[in-house]
Structure formats: C-alpha cells, structure tokens
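One chain, subunit A, appears in both complexes that follow, with subunit B as partner in the first and subunit C in the second.
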Partner chain A sequence: MSATCDFQAKDYKSDLKPIWCPGCGDFSVVQGIYRALAAIGRPPHEIAFVSGIGCSSRIPGYTTAYGFNSVHGRALPIAQGIKLANPDLLVLAAGGDGDGFSIGGGHIAHLIRRNMDITYIVMDNQIYGLTKGQLSPTSQKGRVTCTSRFGSLEEPVNPLLYVLAYGAGFVAQASPTDLAGMAATIEEAIRYPGFAFVNIQSPCVTYGEEGQQIKGLKAISESLVAMGHNPADRLAAMDLAQQYGQKMHLGVFYRNPEPAPTYDGLVRERQALLSKDAPSPERILDLFIKK
Partner chain B sequence: MRKDLVFGMAGSGGDGIVSAGDSLLQAAAAEGYHGVMTKSFGSQIRGGESSCRVRISTTPILNPGGNLDVAVALNWDDFLKFGAELPVSGNTVVIYEAATKIAEADIPLVGVTPLQVIAVPIAEMAKATAGTERAKNTVVLGLIAGWFGIGAVAVMKGIRKKLAKKGEELVEANQRAFDAGRAFAMEHPLKVSMNVAVSDTKGQVKLITDGNDMCAAAAIFAGCRFFGGYPITPSTEVMQFFTDHVWKYGGAVLQAEDEIAGIGAAVGASFAGKKSMTATSGPGLSLKSEMMGLASIAELPLVIVDVQRGGPSTGLPTKTEQSDLFAAAFSAHGDVIRPVLAPTSVADTFRITIEAFNIAEYYQTPVIVLSDQEIASRKETLDPIDTTQFKIINRQVPAAGDLVDYKRFKQTENHISPISHPGMLGGTYLASGIEHVESGAPTNSGSVHQRMNEKRTRKFDSLKERKDLFEVTGNPDAPIAIVAWGSVAGVCREALEMAQAEGINVKLMVPYLLYPVAEGAYNEFFHSVQKGLIVEQTHLAQTFKLLRMHIDLPKGVKSLARSGANPFLPGDIVAALHHLLSELQRSHEGQLQPQE
Partner chain C sequence: MTTRGIDYASLSLKDALDLAVFIEEEAKERYEEFAAQMEQHRTPEAAKFFSLMAENEAKHGEELAARRAQLFGSEPQAVTREMIYDIEAPDYDAARAFMTPRQAMRAALASEVKAHAFFVAALPAVKDAGVKALFEELRDEEVHHKDLVTAELAKLPPDSGLSDEDFVDEPAAQ
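Showing the complex of A and B:
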C-alpha cells in the first residue's frame, strides 16, 4: 500500500462526457465516488474500477482510475482476478441491478464467501435503462413496462437481504437524495477490510416511475443513524432490510465488528509460506523425474 | 528380440488395471525404455469398465501404437466395451481370467484368431498368495515380467516404494502375488518368444508425466502466475497442478464459481499485468466464448487450454476427439482472429504451451491451446528437457515517453500498442468491450471500428509467417501427402515411416498453428502434391473444411475423418495411402495411353 497524498474530487474526474440522461441519479453517484476517493487519497493509477454493461456500467470511464467496462454481469469475476493479481490495488466494482442481480447474479454469493477486499456499488433503479425500459430483477411486482404490459408477475430480488444472507461483512444503502451521506458511505465501504456492498437507489429519469424519483425517494427515506440502528447487529440489519421497496433506509446496515480475513490476504500468506523453499521455475520439470 | 510391445488391459473399476499400467510404465522407465500409457474409462465415478494401453519401446515412441501385441482381459464384458480402443489381431497374445469359465477356443473375439490365447487363474492366484483378489493386478504384472521380460526387478521396487507406508505385510503379499504370476509364465512359455531387447537409453534419467501436468508446468515456466478455472473432465488436472505449485512462485489460483468466472478472473489478472490462464473442455469453451471476445477487443493476453473430448454437449466426456476445432477458431461473435495452437504429444505440450504464452503476450490476444483427452491424460516417458533453450516473451510495456498522453490502443506499424497495467503511473486507460478510439474512450464510429478491426486482425500477419510452427517430414517433392494435428499427428508420423519403408513417396505436414490458417505454409506444402489425406478425428471433417476455406487444395486431396473414441491406427493410414498410390498410378497410366 503506497502512501496516501492530497487529492481532490476533481482529480478523479475524467474528460469523458457521460452518456446519461440529464437528471440521471448516476451523475450524483459518480460525484459521490470522486469525493470518497479524494477522502481516501489513493492516486488514480493505483485504483482499478470494473463494471459490466448497462447505463451505470459506463461509470469507470468517467473516472481517472484504470477502468474496465467489461461484459454484462461479469464485473465481479474480473475484479477478483485483478485483486488476486495485485492485492495492493484499490479495487472497485460497479453496475446496475440487472448486471448484479440478474445476468451476473451468480457471482455475488461467491465474492461474499471469499471475502475479497473489493467494494461493489450497485446503482439500483429497478429498470433496464440502456435497452429502453424493461423489467429488472428489482422491479416491483405488478410493474408495467414494455416487457410487462399487463404487469410484472414476479417478486423482486431484495439486494440488501440477499447479501446479508450470504454473510457480507459490510452492507449499506445510499441515494442521491443525500450526496454527502452517499460519499461518506462509499468511503466507509472502501475502508472496510473485506467485501463491501453499497446499494444506491439511483433514479432513472426516463423510465422510472414517479415515486422512484428524488422527491418520491426522499419521502420514504430514513437515516439508519437517526433511527439508532446498531450496525454491528446483523439480525437487526436483516429485519430492516425486509422493508426494501417500501422504505429507503440510508447508511450502514451491517458492518462486521470483527472483519474476517480476506481471501487476498490469505493468498499472500500462502505465497509467503510456500515460496520459501521454491525451486526456480527453470527446474519445474524436475517434478516429473522418476528415480 | 522385439523392439516394441503394445499392451492393452481391461477390467472393472476396482481391478486396479490403470494402477498396473502405471507400475508397468514406471518399471519400464526405470529400465531405460521409452513408454506411453493411455487410459480409457466409462464415465462412472467408481466401478464400471476401465482400461489402459502401455506401449514400451527401445526407441522413442510416436503414438500409443496400433493393434495390441498383448491383450489382458480380467473379464470379457469390460474388455469388449472398449472395442476399437483395444484392437486384437492375429499377432496378439491374449491373456484372460480363467474364472470367466470361457474355453480358450471360445473367447468372444469375433473375426480374429489371436496368435495365442492363454487362460490364467489370476483371481485364484491372487487369493492364494496375497489372501485377496485385490492383488490380481500384481499377478498380471508378474505374468508380464515372466513372459515379456519387463520389470522383473523394477516393478516390485516401485510397488515396495508405493506401499512402504502401508506396512511390510502388504508389500510381502504383493511380492508373493508377483512371484506367482512370474512363475506361471515361466512354466507356460509362449509359443513365440516376445522378449523386448535392452533399450538404447538404459541407465538414463527419464521423466514421466501426462499432457495436463506438462501444460501447467510449461505455463508456470513461461511466467504464468494466475489461473482461474472450473473443474471439467478431462482438463481438471491443469488446475490441480496450479493449486499444488503456483503459490511458490508468488502466483494465485482461483477455482471459480463457474466457467465464465474462471476466465473472467483470468482476464482481470491479465489486465492487472500478470500472465494468466484458464483451462476447460468443450462445454466450458462454449461458456467462455463471450469473455474470449472481450479479451480480443480489449487486446489482453490470455491462454485458454481446451482439452477436447467427444461433443457436442456432454458428448463423450472421457474420450478423445478433435471436434472443437471450429469452436476454437470461431467461438465468440464479431470479426475476430484468435490464434489456436495444438500440441501433438506430452513432450511437445511443453514447447507449445510456452509458445502460446509468447504469442498471447506479443500480440496481446487470447490464444487457445487445443489439446485433447488422449494427450492430456496419457503418460509418456521423456528424456530430460533443456529449459534454457526456450525464449520467454513478455508483453511490451510503454516506454517513459509513451506515458505522456498515453494512448493504450495507439496505431503502430506492427499494429501492436504498448500496454500499461494498473499501478503504472501515467498509464491509466479504460479497457472495454465496447469499440474504442486509440485512447480507449468508447466510440460508435463506423470508421473507427473499421480501423480498429484492421488493427486487431492485421497484427497477426507476422504470425502466419512462422515456419517453425509447421513440421514437414518426408520427401519435400512427394506427390502424396498427409496433414494431421494433435494426437492424430503421432499416428501419422508412424504411418509415414511405415509407408516410406515400403518405398511410397510421401510427406507429412503437422501444423502446430491451426488458426489463423497460414496460407503460405500450406501452399508451399501442397505445391508438389497430387494426392493427399487430411486425417482427423472429427465427424464433419472440420480440418479439411477449415483448410478449404483458406486454400485451394489440390483436387486429389481428400478427407480421412472419423468421430472421436475411434482411434486411428498407423495401419489405417498406410492402407489409405496404398489406395491413393494406386489411384495415382492409374491416372498416370491413363495419361500415357494414346488418345483414340
């Protein structure tokens, strides 16, 4: 880990102009990320920021970090490879609710059980925006979209409960309704030594319903700190997480007070232990000698 | 004295046939012989039928051999399930379990009269000497030592070492079983002696390994420090080798949650600057194709090992085939060139895997190593390899000057752009699956897409000029030709020797680079050719078709293709060459006849 320096939010902003619609919640999310990274102070070239596909997955390109805008649903596998190849890097992954909980939904459970030191930010807008307004895994039951003219027949995924159930060490929610709070939450997630998940309720101005816009979200938002929630209490966090879709609790649901060892940390230990008496790679064929 | 013997043995899963084959191979290596051992199973986890072939020779071996010289059947049901994998001829000595109660004249081999048939009370001897039928395989090893002169000392030395931890009693029981087998052989001499001569490399150190272990060892030698994968037969041992060894070299391995995550992590590790690899078989290759396309457009080095098995879908998971050629060349959508290399033996798997990393790193591309079940799981004895002769290529990183206003996908003369990685100051860029301009910024421009496609495909022009990725043997001006790759190449090398010994004017090309198709190398090779065979283990003649896509093959070049698990024997190829030769002679006679 290199020394941190004085960086400002603008140092993490790239020259690329976002493709997002005016008023998109993701503009606030990227601001929150700039601020969080500035607070942490790692230079941009020591950060790897990976995403999948979707409106929100364009986000790494809007930062000055090493970005990887990959394929749909696969930000997390790629992020794991980066972290294991170079554990010194600060590794961020981001994407939408479809990317994380539908096409890539199989990966998150495994990231959690491995406890890789990666921060995963999901911009949850309950809709597929880039493909112009289809049902997403977090869309409410009954939601009318262009692929559900007569209303959705399925229950939504609850992202918060999902990651809590698999044992994530850090679970939080944020929203553009409180930019300062979002930046602080992302910063805390990055600082957590292990897998950290932040669900961001980020409104889609084009395909979102009225209640999902800033005004509607504000009306159902409640600060977990103000409620007196104890973030060390996992069961209380799961209890609160059940209100996903009705209430928007902001802040840290759960932070493991005794963070478990990370996979990348254990890999380093194993490398150190086993490399002591390693034969040189030039002698690797000696393994096959039959005496 | 013989210079070469091919053993084929079959039994039920618990009979220890494969373990006997291992012991025989190791004993042969200890006595300085060259050896190859292949295994074949039903797809049952335990039990079911299992078999092995062991070929032992006084000179280097090109393939697992044709018809069996010695067939061992612990029961006939299991033996017969392997069909053409264990071919018995009129020159075969057949040894079988007397407890099957089948008379020597009535053994169920249709249409063939073996050289000699011997019923041996194998189970009874095991029981009597070791107290358990589990020692049947040791009795078999004793019979082999007695009749064929291999392993009289070395077999028991190996068994002693293997069982040392389990106690002297077990070792002694095995010794008695071995001695009983040997004594039986001495008391019942063969009609025709089949003892093998002393090897030309007696006393020299030998290595023994299989294709999967060799591939993984070569990768680590080439500098690979990350492996991401998912278990799949018959490639899993590649990952197992990494989990045993890569940590020692500061590397890491991830057994991922699925095939996609396995290659995804490897793509990520490559982006982060490490040489990385994944390994799979057909079904996994299908799942990985989107990620292979991503690595191509993001221009990230990566090696993908595909150990082919019978397909499509689950197909024949434990048997060999070459039918992933199209998938290896063409998987992933879009206009993509992805190099495909194929080893032909355990020994050259070392060189070809290193070559795959060198090509991946130099051209910044995913490369497929197209192995197959036979090479991957067969064991070969090898003479020591001098590793210092292999050159290792690393990706070109930006020079200090390139890092000012760095352009990751900069157009250059050879179409290869220096590549940075996270941690490198000044080198930040956006890697992406979306089309991008030179800086890496996304674009929708058709003209940029055209230019970038040109860059990503033209960069391989120099690869196609690599003559050292093609092996041509035989008379360079021969009118008759064979082309074969992968495990089939070894069969054709032996067929070439046999045909040349008969005076047939023939040559053989073994391509190690299958894709992109190097038109120049083939055109040069086919220049003299009037008749030829493209030999492959695919039902659809994929190699023949791939070549025809790129090359105007001479009219007389035909396909000799068959589905997997039906091995080619050198004799099959020679028979086909005879046919071509007579066609050639007829056409010449036709030309000589005066026109009416």
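Showing the complex of A and C:
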C-alpha cells in the first residue's frame, strides 16, 4: 500500500461534466466522494471505481480514479475481480437501487459472506430514472409510476436490513441533506477493513415524489449520533433499519468492533503459504517442455 | 449550508481571509457548474446569468486573495476548503432544467441570503477584532448583493406562467 499524500477534493474531479438532470442529488454525492477520497489521501491512480448501469452509475467517469461503468447489476463481481487481481487498489463500487437490489441483488450476499475490502455506495432514489420513471425495488408500496399505473402492490426492498441480515461489517446511511456528514460517512466506510455499505438517499428531481426531495428528506432525517445509537450493537441497528422509508437515520448503523478477516487478505495468505513449496517458474517450464 | 471543524473563537485574520476566499471559490465553481448544466439542457438565458454570477464571485475571490497576499504573503493555510459547504454557493437542488431567468435569479438571491446568515451566525463567536471587522464587512456586502439581485429581478418581465413541468414528458409505459 502506498503512503498517503496531501490531496484536495478537486484532485479527484475529472474534466467530464455530469449530465445528470439539474437538481439531481447525485451532484452532492459525487462532491461527498471527492471529499472522502481527499481525506483518505490515496492518489487517484491507486483507486478503482466500478459501477453498473443507471444515472448514478455514471459516477466513476466524474472522478479521476480508474473507472469502469460496467454491466447492469454486475458492478460487484467486477469490483471483486479487481480487488483479487490487485489487492493494493482501493476499490469502490457504486450504482442505483435498481442496479444493486434488483438485477444485481444476488451478488451482494456473496460479497458480504466473502467480506472483501470493497466500499459499495448505493444512490437510492426509489425509481428507475435513466429509463424514465419505472417502479424500482425500493419504490414504496402504492407508488404510481408508468409501470404501476394504479399503484405498486409490492413492499419495497429494505437495503439496510438486507445487508445487515447477511452480516455486513459496516452499514451506514447518508444524504445530500448533510454533505459534511455524507463525506465523513463515506470516509469511514472506506477506512473500514472489509465490506462496507453506504445507502445514500439521493433525490430524483425528475421522477421522484415531493416527499423524496431534499425538503422532504430533511423532515424525516435524524442523526444516529444525536440519538445516542451505539454502532457496535447489531441488533439495535437492525431495529432502526426497519424504519427505512418512514425515517431517514443518518450515520453509521453498524460497525463490527472486531472486523472479520477479508477474503482478499486470506487469499494473499494462502498464496504466500502455497508459494513456499511451489516449484520455480523454470521448473514448471521444464515439466511442460522437457520430456 | 454546513461547516466542519471551524473554531470561530480562535480564528485569525489570515484563516478568516482564507475561508472567505474558499467561500467565493466554491460559489464561483457552483455557478459555473449551473451554467454548464443549463447549457446542456438548452436553457441559454439561465446559463448566461449563472456565468455572470460566476464571474462576480471570481472577482470577489480575487480581491480577497489579494488582501490575504498583501497582509500575510505566502504564509501556509491553516484552514481547508473541506471546512465549508454551500455557504454562498447555491444548493445543488436549486437548479432545474428549463429554469427561467427569474428562477435563476431567485436561486442566486437565496444564496446571498444564505451567505448573510452564515456571517450573522458566526459573528457572536468571533473574538479577534480583525476577523470581526472582516466578517461584518462581508455580511454587509451580502446585503448589498441581495439588493442588487432584487433590483435586477424587478426589471424582469413577468414569467410566462409555464412551469418546468410543462416541458417534461409524462413517463410513458414501455
């Protein structure tokens, strides 16, 4: 791992101009990411940022890190591959609620059980924005969209409870209503030695409902620190997470006080162990070439 | 509008000037971003107004930076840009596709009001006489800027009565 240097938020900002709708919450999210990365201090070339498909998945392109705007719902397998191939990289994954909890939903459980040192940022706007406003996995029951003309009949996925139930070691929530808090939360997630999940309530100004805009979110937001929540208490975190959709708790829900070993770390250990008795490359070549 | 880790009681004039420069820089960059957003969304009048605001903020920032250089030369900064957010910069959610010049000016006006509120809130905690004088000066400047934007707003012809929603297609089932 390289030594950290003095970097400023602007060092992580690329020349590409975001093409999100004016007023989109993702403008604040990317600022929060710049600030968190500056606080971490790793140079941009030591960071890999992978996303799926959707409005929010454009985000790697707006940073100076190595970025991969990949395949719908497949940010996490690709991020895991990158981390295994080059464990020294700081690996971030990002996407929307549809990308992460619908088409990509099956991948989260496996990343959590492997506990790879990857930070996953979901920009949750409860709608498919890029494809013009269809029902998403986190849309509230009763929500009227172009694919639910008479109101959704389904309960939404609860992203916080989902990852807590699978045993994620770090689970937090943030929002553009508090950028300083968002940057600090992302920074803490990156510093956590293992899989870290940050759900960011990021309003869709075009297809989002009024209550999901900044003003509405502010009205239901509450700081977990101010509430006196103990982030080491997983059951208390699960209890609070059940209020997803009604309350917006901001900050760290759960941080495992004794982080489990990471898969990438264990793979390195095993490689080191097995390579002790491994034949030299010349010997391997001999085995194949010489009879 | 948020701040992080600023101790107003121990703020020196050098730190206060650096913060003031950061505030102007942030506002300049945000207006540039808004101008770019408006250009992308084919809203040239709002784009032009936001570009003008960016130029004004740049000018204020340069003036403050020159004062800082004259008083303190190249002494290193003890404060960072990360300590302030959205002080004079319009909030990201203040932008909308197809903003009218009136809506754009209202967004700018709200930012001037916000900046004024920042200095008003900070002043009681300030101990240093030089910082106090600077913050009072900047607070009063915000009032002046607010008056200027209000006067410009009054000159505008009334809006057409159409809202940005009138330009957005209803979501169609695929």
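Worth a mention:
The rule is simple: the second predicted complex is superposed on the first by the 280 of 291 C-alpha atoms of A that agree within 3 Å, B and C clash if a C-alpha of one lies under 4 Å from a C-alpha of the other, contacts with A are read in each partner's own complex, and residues count from 1 in each chain.
What we mean here is this: a contact is a pair of C-beta atoms (placed from the backbone, for glycine too) under 8 Å apart; a residue touches a chain by one contact, two chains touch by 3 or more.
If you're wondering where the values come from, they're calculated on a predicted model, not measured in any experiment.
After superposition onto subunit A, the modelled positions of subunit B and subunit C are compatible, with room for both.
Touch counts on subunit A: comparing subunit C and subunit B, the chain ahead is B. In the superposition on chain A, A:Q134 makes contact with subunit C only, while subunit B stays out of contact range. Within the superposed three-chain model, A:C21 lies in touch with subunit C and out of touch with subunit B [touch as defined at top]. Applying the stated contact rule after C-alpha superposition, one finds that A:P281 touches subunit B and leaves subunit C untouched. Of the two partner chains, subunit B is the only one touched by A:Q271; subunit C is not. Geometry note, superposition on chain A: angle between subunit B and subunit C about the Cα centre of subunit A is 140 degrees, to the nearest 10.
By the touch criterion defined above, A:G96 reaches neither subunit B nor subunit C. Here the smallest spacing between CA atoms of subunit B and those of subunit C, following superposition, is 14 Å. Across the complex, subunit A is touched by residues 26, 29-30, 205-209, 213-214, 217, 220-221, 223, 225-226, 228, 245, 247-252, 254, 256-258, 260-274, 276, 290-291, 294, 298, 350, 382, 384-385, 387-388, 421-434, 441-442 of subunit B. Contacts from subunit A toward subunit C in the complex involve residues 8-9, 17-19, 21-25, 27-28, 31, 35, 38-39, 131-134, 145-147, 149, 176, 178-181, 183-184, 203, 205-207, 213-214. Against subunit A, the residues of subunit C that register as touching in their complex are 2-4, 33-34, 36-38, 40-41, 80-82, 85-86, 91-97, 99, 168-174.
The part of subunit A that touches subunit B in the complex is made up of residues 16, 43-48, 50, 53, 58, 60-61, 64-71, 74, 76-86, 88-89, 106-107, 109-110, 267, 270-271, 273-275, 278-279, 281-285, 287-290.
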